[in-house]
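Shared between the two complexes below is chain A, which pairs with chain B and chain C, respectively.
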Partner chain A sequence: MGILGVYLRKIYTLFRGEVLVLPSRIVVFLFFLVLLFLPVVTQDLYLLRILILTSIFAILAASWDLLSGYTGQMNFGHALFFGVGAYTAALLNLHAHIPPYGSIPLGGLAAVLAGLVIGIPCLRLRGTYLALTTLAFPIILMGIVFAIPGITGGELGVSGLSRLSSSRLYDYYITVVLMLGLCTIMWKITDSKTGIIFHAIREDELAVRTSGINVTRYKLLAFSLSGFFAGISGGLYAHFMRIAGPSTLEVSMSFTVVIWAVFGGIVTIYGPVGAVFILFPLLEFFRFWPEFRMLLFAVVILLILLYMPNGILPWVRDKIEKECPRCKVRNVATRKTCRVCVAPLD
Partner chain B sequence: MILDIIISGLINGSVYALLAIGFSLIYGAARIVNLAHTAFYMVASYCIYFATHKLGVHPVLAMLAAIILVTLIGLVCYQLFINPIREHEAAVLIATIAMAMAMQEIMLIIFTGDYLSVPSLIGGYLKIFGVKIAYQQLLTFGVALLILAGVWALLKKTRVGLAIRSTAQDREVANLMGMNESRVAMITMGISVGLAAFAGAVVVPLTVVNPHMWMHPLIFMLAIVVLGGLGSLKGSFVGAYILGFTEASVVFLIPLGAFLKGSVALSVMILVLLIRPEGLFGVAFEEER
Partner chain C sequence: MGQAFLEIDGLFKDFGGLRAVDNVSFSMNRDQILGLIGPNGAGKTTLVRLITGILRPDSGSIRFKGKNVIGLKTWDIINLGIACTFQNMRPFRRLPIIANVMVSCLCPRAMKRGEWVKRVEAKALDALEFAGISDMSLEKASTLSQGDLKRLEVARAIATEPELLILDEPFGGLSPAETDLMAKSIKRLHKGGRFGRLHSEGPAMIIIEHKLQQLMKIVDRIIVLNYGIIIADGTPEEVVNDKEVVESYLGEGGI
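And now, the complex of A and B:
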């Protein structure tokens, strides 16, 4: 009993010292808590459905940020990974009868392959060329999908997949826990040594190369990692909707991912995730005015970008926190002195 | 068959050239990737439809009015949404996509999603070796070439053209030489949107008007611009005809070609890029570090 008390107190001190000191960490903590315990309060099927889809797209948006935000390889064809993941999972499930827990990771691996296939030609391109070239790949694949309706179902897609799990509640927990887990992994990756190299490649590729780092290998790594996470979200989507159709490859799908990520703030991982959790339910809310739905969506994005061109979440974060000028530790905006080095703030 | 391909390739190529050159101009002079470019083309088509069908204006007058109106809309959009965030490249991309979406939705609300059409300016057709060529098609082709020549003259023979070209080469030095960089960007935006509206005007009698008509040309236009080299007008011109003919031959020669035309055209673009990463006539921009 005594031992347990000591550990509990230790955990509480850690919690107070590391989480409660910064409002952004409290928000993230509450976000985890609310998502995990929401079904205790309500089990409304419609609400759960929206949150499941939101979680799936949050993985997708974060994976775009991992590639395009961090390494600066503007990918305008992210729907390719999503579509490849969805179609692979669907075909494997339907023809080879692989259950979802097998077909979704395999879909992710197929998307890694797709990432390598498009990553290798794209190594020579940069900037706007890269953005506009990557836009082409999902369209090419979509043409192929339409041209061989025997395998892919053409316009109708592959339907009749097995369910993700037996009930909506389990679906919810599978997707939400996966989303929280995968996004944490992505955040950890970007925080690691690899992530710093990704950062450096975006800032100055030449300098990275002169430091003796194999840029090619890291770019391909970014393409495959991002492809893997996007492929998993594609597989989840296919199994949740029980259909993998050409809509997963559409140009608007690629654009939507970019909209989410830029809206939330790139090079953050938490930005795109937060943006999906703001924009996707907002779009559902706008369905009360069906004919103005997309118009309102577009106007919201235009207005937000006008005032916060770096994305909404970094803007909010800068309002409630400031960085210590001496030791670069973040502090609550209300503090007068830094919490670590006691240097006066601002 | 071959004649079909040639005619359809020439007409598509000319329209794509109009669009791609407008896009290239604004990219070159201001480094703005305007993904709403073809949305302006769609809005112009709708304006012409509205003026001819609802107001009963003569089609030629309607086209002129539409071009002026759409250019003004373009300038207003530029001032409101693009100019304030110009230094944030990613934000500009999203802003232009959102603008295109907004325009599409506004057209959907006003005109619904029906497929509309505008009658030809001149009827009748010519028969060469058993292939029908409508006079309207010839007119479209001729006008498109005329406008392209006009743009060329504007860029090469006038002071404004000189300013645009020098800003495209090096913004900072152009600014130092006394060209008001933001005004050049504004004028270029006007010309660029005007060209998109012109493309809409010449193509509207040959196609159906609907709110989603901007998507397909957008993809092709981007492919052409990348194929020809970003910011290179010659590249855009040549690339437009290459992809125009590729599209036409895929549609006429391959079964199920209508599905594959986008795929093949974009594969051509990727093949070219694999050999020449800066596009056919790519201008080597100074490495922006």
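And now, the complex of A and C:
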């Protein structure tokens, strides 16, 4: 009991010193808490379904941010990774009878290969040219899918896959825990030394080259990592929906990911995740007015981007927190002096 | 006689119809500071870009420590021990200044030489300390003045602990006081030694500069380029008295 008490006190001290000091961290903590304990309050199947899909797309949106936001490799064909992950998981499950816990990671690895297939020819391209080239890849794959309906199921896709788990509640926990875990990993990557190099490549590739960094390796790493996470989300989607169809490769899917990321705030990881958790349920809510659904959705996005060009979550964060001009540590907006160096904040 | 530290032989580079570097050949020793001067458009920056692998020459050879570097990627050349700064500074504007230098500290050469340094941040801070901007390490690079950006470029270059440092207009845009300070830093770096966790090999240097008075105080040899051709090569005294250099670059007033 004594040792347990010491550990509990340590955890509480850590919690008070690291989490309770900033509103953004409290929000993230509550977000984790609410998602993990929601089924205790309600197990409404429709709500769980929405949250499962939201979690899957949150992984996808964060993976786009890792590649295009952080590394600056503007990818307008992110659906390729999603589709490759979905189709690989589906085909392995259907033909090789590999269960979801095997087929989903293999789908992720297949998407890594897809990342390399895109990444290598795109190494020389930047900006608009890169964006337009990446746009072509999912369209090409969709052509292949339609060309070999014997394997891919053509327009109907590959259906009849194993369920993710035996119940909706387990589905929920698998996707939510995976989403929280993978997004934390992505955030840690961006916060690491590799993340600094990703950042630098986005800022000025030539300067990174003259700093002695093998830019090719890091760009391919970004494509592979992003592909892996997006592939996992594709595999999850296929097993949850029990179908992998051409809709996973559609251009609209690629652009929806970009909209989510830009709406939430790129180069943040948490921005795209938050955006999916706002926009995906919102789109469902707008089903009450089916004829105005997309119009209302577009209006919301346009208004937010008009007044918050850096995305909604960085805007909110800047309202509730401010950075110390001296030590750059973030503080609650109401504080007059920095919590670390006691410098005046105004 | 031992092999030259840097040896350039019969280098040519054309851009369309324009010959930017025309049969340039020279070699330099390990302990030299070489000034590279000439009018705008003479091919100085192009020559540096050829040495660092940013551009590929049409013909000729560049040997660094006896190794042919033509065809190597820029990062491989940097990891051999060449570092350069840019005439138009290229900081990672949205990154903190310390992160700008950390990128250089993360290259294989710097990582290998600094294996004993546990924290890359500490080494980056030492490079900034040497350059004189460590107090601003947490600021975004976009907030720096012209002079401080030049210092950041130098900090980034020395963080790889190079044996050949190429500085492209290090005094450009600096006030006289800042220029003096930068000149002193360059001399101190050339002497070599340990600056915190950073070890300076006392690198050989190639300095491109238009502020000739300051340059003359630092360098022990000058090469003058005009229309991509070497028109003079010698000590500062020899070069300023060279008739062709006076006619094509310095003018009758001298420096």
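Everything that follows uses one rule, which is that the second predicted complex is superposed on the first by the 346 of 346 C-alpha atoms of A that agree within 3 Å, B and C clash if a C-alpha of one lies under 4 Å from a C-alpha of the other, contacts with A are read in each partner's own complex, and residues count from 1 in each chain.
Note that in this section a residue touches a chain if its C-beta (ideal position, glycine included) is under 8 Å from a C-beta of that chain, and two chains touch if they have at least 3 such contacts.
What you see is a predicted model, and the numbers here were worked out from it, not measured in a lab.
S.K.: Under the stated touch criterion, which partner chain does A:133 make contact with: chain B (first), chain C (second), both, or neither?
M.R.: The answer is first: A:133 touches chain B but not chain C.
S.K.: Can A:99 be said to touch chain B (first), chain C (second), both, or neither?
M.R.: After superposing on A, A:99 lies clear of both chain B and chain C.
S.K.: Looking at the overlay, what does A:204 touch: chain B (first), chain C (second), both, or neither?
M.R.: Both: A:204 reaches chain B and chain C.
S.K.: For A:344, is the partner it touches chain B (first), chain C (second), both, or none of the two (neither)?
M.R.: neither
S.K.: Between chain B and chain C, whom does A:160 touch in the aligned arrangement: first, second, both, or neither?
M.R.: neither
S.K.: In the superposed arrangement, does A:17 touch chain B (first), chain C (second), both or neither?
M.R.: Neither: A:17 stays clear of chain B and chain C.
S.K.: Answer with first, second, both or neither: which of chain B and chain C does A:309 touch in the superposed model?
M.R.: Touch status of A:309: first partner only.
S.K.: Check whether A:147 is in contact with chain B, with chain C, with both or with neither, and answer first, second, both or neither.
M.R.: In the superposed model, A:147 contacts chain B only, not chain C.
S.K.: Considering only touches as defined above, state whether A:299 meets chain B (first), chain C (second), both or neither.
M.R.: After superposing on A, A:299 lies in contact with chain B but is clear of chain C.
S.K.: Jot down the residues of chain A that show up as touching in both complexes, chain B in one and chain C in the other.
M.R.: 204, 206
S.K.: Where on chain A does chain C make contact in their complex?
M.R.: So the residues of chain A touching chain C come out as 193, 196-197, 199-200, 203-204, 206-216, 327-328.
S.K.: Note which residues of chain A are touching chain B in the complex, please.
M.R.: Contact set of chain A toward chain B: 74, 121, 124-125, 128-129, 131-133, 135-137, 139-144, 146-147, 204, 206, 251, 255, 258-259, 262-263, 266, 291-292, 294-295, 297-299, 301-302, 305-306, 309-310.
S.K.: Provide the residue numbers of chain C that touch chain A in the complex, in ascending order.
M.R.: Touch list, chain C to chain A: 52, 54, 73-75, 78-79, 83-84, 86, 90-96, 99-100, 102-104, 106-110, 120, 138-139, 156, 159-160.
S.K.: Can you check the complex and tell me which residues of chain B touch chain A?
M.R.: Per the touch definition, chain B meets chain A at residues 27, 33, 81, 84-85, 88, 90-91, 93-95, 97-99, 101-102, 104-106, 108-109, 215, 219, 222-223, 225-226, 230, 256, 259-264, 266-267, 269-270, 273-274, 277-279, 289.
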